[in-house]
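In the two complexes below, chain A is the common chain; its partner is chain B in one and chain C in the other.
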Partner chain A sequence: MSHIPRRALSLPRPLLLGGAILLASTLVAAFPGAVAPYDPLAMDYVNLLAPPSAAHPFGTDNFGRDVLSRVLHAYTIDMQIALFATLFPFVFGTLVGAVVGYVGGTPEAVFGRVVDAVITFPFLVLVIAIVSVLGPGLGNMYIAIGVVGWVFYARIVAAEVKVQTRLDYADAGRAMGYTHARIVFRHLLPNAITPAVVYWMTDMALAILLGSSLGYLGLGAQPPAAEWGVQIADGKNFMATAWWISVFPGIAIVITGLGFSLLGDGLAEVLRGRR
Partner chain B sequence: MSLPEFLGRRLLQLVPTLLFILIVVFVLVRLLPGDPASAILGDRALDADVERINRELGLDRPLPVQFWAFLKSVATGNLGNSISMKIPVTQLIWERLPITMLLTFMAATIAVVVAVPLAFVAALRRDRVADSVIRGGFQVGLSMPVFYVGLILLTVFGAKLRWFPVGGYGDGFLDHLYHLFLPAVTLALSLSAILMRNLRSAIIGVVDAEYVTFARAKGLRARLILFRHVLRNALISTLALFGLSIGTLLGGAVITETVFAVPGAGRLMIDSIYGRDYPVVQGLTIALAVLVSVTFVLTDILQAWLDPRVTR
Partner chain C sequence: MVEALLSAEDVSKDFAFPRSVVDLLRRRHVTAVHALNGVSLDVRRGETLGIVGESGCGKSTLARCLVRLHDCDRGRVVFDGTDIATLRGAARRRFNARVQMIFQDPYSSLNPRMSVRQILSEALRVHRMRPAGEIDGRIAELLEMVRLPADAADRHPHAFSGGQRQRIGIARALAVEPEVLVADELVSALDVSVQAQVVNLLLELQDRLDLTIVFVAHDLRLVRHISHRVAVMYLGKVVEVAPTEALFTDPRHPYTQALLAAAPEIDPGRRSRRAGARGELPSPIDLPPGCLFHTRCPHAFDRCPRDVPELGPRGPGHAAACHLDAPAPRP
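== the complex of A and B ==
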């Protein structure tokens, strides 16, 4: 790889744009009350299905709830989904992947078969099946995603650690008499974790899509909670007459998802060097 | 390794995978809430009746015995009867799965037709306006949930403009295609985004490769290089991705079928989960997983045929 270090401090545009979107999203998620004009659950029976106006910029839904306030309050749940649904898979998958990639042999072969089997199940079907076993709700959704999701991280890290294991500095570590744990976690993993971190960003975007899909199907966040998928499901029977109930939460999903993928792309650029 | 040897090995790897699938499905279905006896008899069933049903279904036997019986019946193509519809699960699968397969196939076709030309335009005009517009557009497409895209297409082209039916499956093959068009476009969106992205970087990688420079130095015409060398090699990497996407595509079909009321396997899956129809959930999960495994093997074979390095 012969890449010339270019203006070292100029960060790629996707990273800045994605970072800005996510910073704003996180702030809204932390303090939704500061930006939302109304209580997201307050019903106003005089203003049912009101179109967007100065008083209600995104209109109101069939209970007279302010759609803008609901979209803003939903940031709290949906940003949480992005983090909680991916944190365990990232940590656990990375640890398993590091060990499997370093040890190789039988554990690696067994792991390979587990990966084969897991990717053979349509991910969504498996998650839906697990959620229906455990019962609908966010907590069970995290468990269902966690049970399956770690495999993808483990696969990425295992492949990467395996490459690192063959390099000279790994041998040097062994020659120095370092423990296996020290070699793997202090020396190999920091060099192998980049693709997993990049995948984590993409995965958070996917988690928001998955979480809102389950909310839409009635298996994720439960009404009357403000969650984008739940909101879109709430509005689906009013699409022809009151499109604003479903359309605005969808735009929020797209923008947030875009934020994560841009950040992921930008990070990949910075960490790997521009191709 | 020769090609037949590669095939043999690849098929042999299917065995543990399929066994693992069967174990997971068996365990999962037995963990489902509620029991089939009360689903059949209702909540106020007599204990004696519950026992009789459990005995008839073999649910009173130890789990390993049940698993062995399960393996034997799956091997002979017997997946039990649907509890709510009282017909063999295999029959249900034969009725519904082809609908999902047609939908998935249409979506894949649409995705390829859209993604391949755009990937070429984007790659050959790298970092220019056309590239940015195409990539930006697909980036947005990739961030849209399937149910949202479906709902919008359904409202605009179905309910408002009335160009397409708002759901169902229709009668006769052409009518099926007509009914499945909007769902297929919905399903194709994210796949075409992934394909486009991958194909674009594959084309860029190939264009920069030494053998293309060599071909150019030999004086081969640009178009010939593009189709004979660039396309073929770029397609190999796309094919692998395509095989891996089949599971995601089938998962997306579950949601698409729910939004568009298409009576396919995905819709049946959701209905059966809500209706606690164990044998159907079990049978469908197995059928979908087998479908995916077979697709994996087929794409591997195609890949090996296109790229001799794979078998090495």
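== the complex of A and C ==
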């Protein structure tokens, strides 16, 4: 008798692989001290810019800080960015999109113009502009991403809800005398939310990249905090002599991003299969 | 004469095209599809009323107006003495329970994410048809009524065939114990072999539950099989209404005659090559003046493009809207 439930075996591989990567990432993010060999902020002036070795597997940076420990501690901030930068846009955008797609008419037209206005600006530029006004730091970065990011979710959900609204089961609900809220949130939204959930997963990967970009530009997490973008920025002057300062955080970004993408693909497969 | 339980009184319904800014600036008139143009129709308690007509004649729009999925633009729909447009809140929900609809497409009329049990129990709970403890029993009863196995309750719609799905749709409508069922093209999406099963089930349920049925369809033989009375629609108007046999044996409106003549005949000896109506259905955006059918009518004369004919008596319970009293079928 196998101890693995049969349902788990039938799940798509990307879902399992992505889930495993993210589970491991979340554990590291929650307990970085348990896996990191050194304090991420402790400086060791004897070992400046030391190449990877048994004592420092990822080497040390220009302050003699252990790169491995910094990469591991950065999970805490970067996984938070992935979640906090996307949670509000996902929830708020989905609600707005569901209502706008169901009601149609003038609210939909107004919403359409808002979407146009946001989409004509490059996302990164808009976020940088808002952060510059609010001042650098993680909190303001979340606000900036939230102000802009919900629009994309709302657009996806509105289009999907609009399609569902035209199907007979929506009319059947109305003929039954169900309230609009029941029809939208209990009937239409569960059938319309899949693309938004899949986009959410991709968006988490993008949020980490965005967070790192802003960290690199000095607008997100602030030094000396361990954050992958900040670390890459720290290492940029030493690329020729100490490549490990920037390359290892880069690899961490790639692996985590891959985890979210795989999870998104797998979820898409599972959610669509249930239709 | 039996009083009407549900009636349409001069009901009109337009669907306007969205107007662009340019249209507004040029003060262009709103263009609209005139789906219903003054439909008057009575549905009597306990009867099956068939509504037939070509695609695009407004049958489905009328069905949706009867259950108030659409509000009519002019005229009114009266149910049990009350104009349904005035119903609000609890009274409206009560109306929804008393007049239910069954939909055409078995694939889109059921929420794909809800099991049959969820679909039925939602209807039972929202309308407080049964106390919580009796809901499972009632679901089993409903499934038995539409001849689905008891284990169907915990499956999702995708596990069923088209005919089974239509029966789930019927069970959902029956859950709220309606008096009137409006069936919009109930079986037109199904295989012929399955159509008979579903239609006969509906007739049997009508007997058992004293249902009044409005059966919207384009299949004349089917309508003849199940209806007590039949109304014929053309371009959003009722052109003839009569007891079923009178309508099929002695059609009095030229359009009805054309429609019956166009129906495929199984007996080759009775086949005819003659067309009862010429030309195409006019656009419901620009309706012809006078009698809507005059552009295609073989009997049209000078009065037809000028005056709108009213429904006038042609026999017991038989009425037709034509300027000719009783045009003979063309030889």
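Quick note on the criterion: the second predicted complex is superposed on the first by the 263 of 275 C-alpha atoms of A that agree within 3 Å, B and C clash if a C-alpha of one lies under 4 Å from a C-alpha of the other, contacts with A are read in each partner's own complex, and residues count from 1 in each chain.
We adopt the following convention: contacts are C-beta pairs under 8 Å (C-beta built on N, C-alpha and C of every residue); 3 or more make two chains touch, one makes a residue touch a chain.
Since we're looking at a predicted model, the values are computed, not measured.
**Q** Once the two structures are overlaid on chain A, check if chain B and chain C clash or fit side by side.
**A** Once chain A is superposed (C-alpha atoms), there is room for both chain B and chain C without a clash.
**Q** Touch check for A:19: first (chain B), second (chain C), both, or neither?
**A** Neither chain B nor chain C is touched by A:19.
**Q** Applying the touch criterion given at the start, work out whether A:107 contacts chain B, chain C, both or neither, answering first, second, both or neither.
**A** neither
**Q** Looking at the overlay, does A:130 come into contact with chain B only (first), chain C only (second), both, or neither?
**A** first
**Q** Report for A:187: first if it touches chain B alone, second if chain C alone, otherwise both or neither.
**A** Only chain C; A:187 stays clear of chain B.
**Q** Looking at A:195, would you say it contacts chain B, chain C, both, or neither? Reply first, second, both or neither.
**A** After superposing on A, A:195 lies clear of both chain B and chain C.
**Q** May I ask you to decide whether A:253 touches chain B, chain C, both, or neither, giving the answer as first, second, both or neither?
**A** Touch status of A:253: first partner only.
**Q** Contacts for A:261 in the overlay, against chain B (first) and chain C (second): which applies, first, second, both or neither?
**A** Touch status of A:261: first partner only.
**Q** Does chain B (first) or chain C (second) touch A:57, or do both, or does neither?
**A** The answer is neither, since A:57 touches no partner chain.
**Q** According to the contact criterion defined above, which of chain B and chain C contacts more residues of chain A?
**A** Comparing chain B with chain C, the partner touching more chain A residues is B.
**Q** After the fit on chain A, how big is the angle at chain A between chain B and chain C, using C-alpha centres and going to the nearest 10 degrees?
**A** Between chain B and chain C, as viewed from chain A: 90 degrees.
**Q** Using only CA atoms and the superposition described at the top, report the least gap between chain B and chain C in Å.
**A** For chain B and chain C in the superposition, the minimum C-alpha gap reads 9 Å.
**Q** Once the two structures are fitted together, what part of chain A is touched by chain B and by chain C alike?
**A** None.
**Q** What residues on chain A touch chain B, complex-wise?
**A** 113-114, 116-117, 119-125, 128-130, 132-133, 135, 205, 209, 212-213, 216-217, 229, 232, 236, 239-240, 243, 246-247, 250, 253-258, 261-262
**Q** Flag every residue of chain C that touches chain A in the complex, lowest number first.
**A** On the chain C side, the touching residues are 64, 67, 69, 92-93, 95-97, 100-101, 103-105, 108-114, 122-123, 126-127, 158, 169, 172, 176.
**Q** In the complex, go through chain A and note every residue touching chain C.
**A** 167-169, 171-172, 174-178, 182, 186-187, 190-191, 274-275
**Q** Using the touch definition from the top, list the residues of chain B that touch chain A in their complex.
**A** That would be residues 13, 16-17, 20-21, 24, 28, 31-33, 139-140, 142-148, 151-152, 154-155, 159-160, 244, 247-248, 250-252, 254-255, 258, 266, 269-270, 273-274, 281, 285, 288-289, 292-293, 296 of chain B.
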